[in-house]
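Chains here go by letter, A, B, C and D, matching the order in which they are written, and residues are numbered from 1 within each.
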């Protein structure tokens, strides 16, 4: 079991790296890590915090319903989405980024309901992936300002795609996670790299790469 | 009430961040913050200062007419534009950047008189914006070397677009602002992010996204 | 003869530079340097190490068969490819990067079996190249998860192209090398620069530049 | 009169900035500043120095013929080109960079004999330019490994274009200069910014912007 005072500096370091690469400019993005499981306590960035100026005191604790342990603290509005990911995936850390390439691709592939990425060695940076022949299907969920709806939609998309390592909100950004913070951070780097490759190919050719339908057994939204 | 010696280090830090991201290379860009309101005193970068080499002593005080409080100081030539923004918007800080993407889009959308950005979660980083369905209309003003004309044109464009969070000078750059320096800096990051997304989409497709006319009630230059 | 404790800090410094430029995000890429020749001992990054978090203790020693000198150490899975480069080229250091541009070009030029780069002054940063009229042919080898096959294919491609300063694995990344670590690092910088130029030209025009066939005497895979 | 020991740290600092932005990777680029005029002594980076690893001792003094003051020192092969710029322009510092965008544009505009840039506020960062309506014509000289020929061609191009603030070598890079090192560095930043804007427009549209012929009185190579 970690404590908030142990996790907060690691969350700050992760935030700084993500901000420096331009993946969480302004107040965008939010970051969380599980403090304990039973009962669930999550450390998460507070609402409206500027990601380039985060300090350890900008992380606060919430319970499994998203309520802050300290009465006057105000967690991120998307806390319920982080909790959905923690509950659906058993994740130990959840990172939500707004990058130029993930925003652009979430629009370009939005009507298809998801983005497929296949054939790259870099995919092996995703937990459990052993070959570049892997096809990663990232479901895309429509954006909304109703966070209960968003949380429900995210949970449903994760349940339909048990193999997915990330999820895109359309015109909004990426959710990814890991069993701990280093793994979640690795997943951000891997997925953002792959988004840039696919985004530049899209820019060069004017279209997304054609992908074999149903490439991922049991986890593809393609049939929706 | 802040003092120059309190504000200058914050302005230097903001300048360094903006310079590091390539948004104020060479002597381009200028930055200001309100020292006091009655009578108005503005701290602003001096004319011709290299933005990668700024120190606190490169910020000087001017009055509401743009005259330096110290006789031999030479404020930025665009001081009158900063003052127009402070007066028209009640801003506490004004940041003017020259980025590749804002320059490129100011030309691409110049004939339309403005740039509309809509549908992105990132828009919520702009003060008062509560939904990604917001349509931000950034008026584009023709560039000129006559700063009195520029100041008048900027003031008129802001008056016609009371909801705008920024303004583009064609082939020149962005003006944005905030109630204080952190908010103004956040607005730079949000707008520059959105410019990069729209700019890359423009590069990928060869055209700006079609936007619904009159999407912003009461604040759209579309009818000019 | 260097020692591991002398080489490891230099390898860490190189890794940090390469990671900062986005050429080895997540756990991607691996780096090695020859500790001694007779019998061969190679210092190489351990398997699965996060390249943004590398320290000297993440480098371990292997023998000429890729077996770790310390029983419980686990070297990179691609150690056998590093050894193939060391043996075929007499290299003192081998660097393997995954950049956006090398990944993109390895796909775009994959069917041609290699990528030709010619006419740039920057080519003179490659060891032994004296003129921008040099044509560098980088063979492209199909990716595989069978490292013995990969090692054999890499060795064969190097033997067929004795003048090549690098080699691309398709959808995977770059291998380059040097007589020592500074030269290998210089080769990474030179080749990644050239990939970006060629990649951006490909994005701008939709095609790779046409190249004169057989431009490199004796070292061109063009006839395959 | 400055001394080598005063100038070298400033040259190192400039080199680091230029390297960090990716404008002088590997051993590419070289940098010089005038130590004294009568007789001419120039401090210049030594041949083959890695620009990411430069220290003050990598700068050496040469006379007006390019001969090193210390017998065993080896100045950059392009020293004669630096001297041509110093003599033709009276420059106090000369910076030569290899960026992706200057390389790409030197090819795209090479057949036209030069690159015209006009209509951007950023042009005012060039010494003596007072309006965005300025048209900057950068002559493009064919690359060669014969440095005496290169020096003569550069000198002739500068004489034909007395208003030019920079010069491109085709497939090679940029030469720019200033009355002192800060001005030369500012010119690099301004020109590289403008190259990126023009390069991205070229990538977006597939062509260079059409420019009015003969826009610069008395200094346009357009009639060649």
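Note that a residue touches a chain if its C-beta (ideal position, glycine included) is under 8 Å from a C-beta of that chain, and two chains touch if they have at least 3 such contacts.
Please read all numbers here as calculations on a predicted model, not as lab measurements.
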> Which chain's mean C-alpha position is the greatest distance from subunit C's?
Replying inline: B
> Any idea what the CA-fit rotation angle from subunit A to subunit D is, to the nearest 5 degrees?
Replying inline: 180
> Using the average of all C-alpha atoms in each chain as its centre, how far is it in Å between subunit B and subunit C?
Replying inline: 45
> If you average the CA atoms of subunit B and of subunit D, how far apart do the two points sit, in angstrom?
Replying inline: 31
>> For subunit A, give me the residues that contact two or more of the other chains.
In response: 203
> Got a list of which chains touch which?
Replying inline: A-B, A-C, B-D, C-D
> For subunit C, which residues are in contact with subunit D within the complex?
Replying inline: 17, 21, 119-122, 125, 130-132, 182, 185-187, 189-190, 192-193, 196-197, 200-201, 203-205
> Across the complex, what residues on subunit A touch subunit B?
Replying inline: 22, 25-28, 50, 52-53, 98, 100, 103-104, 107, 143, 145, 169, 171-173, 199, 202-203, 206
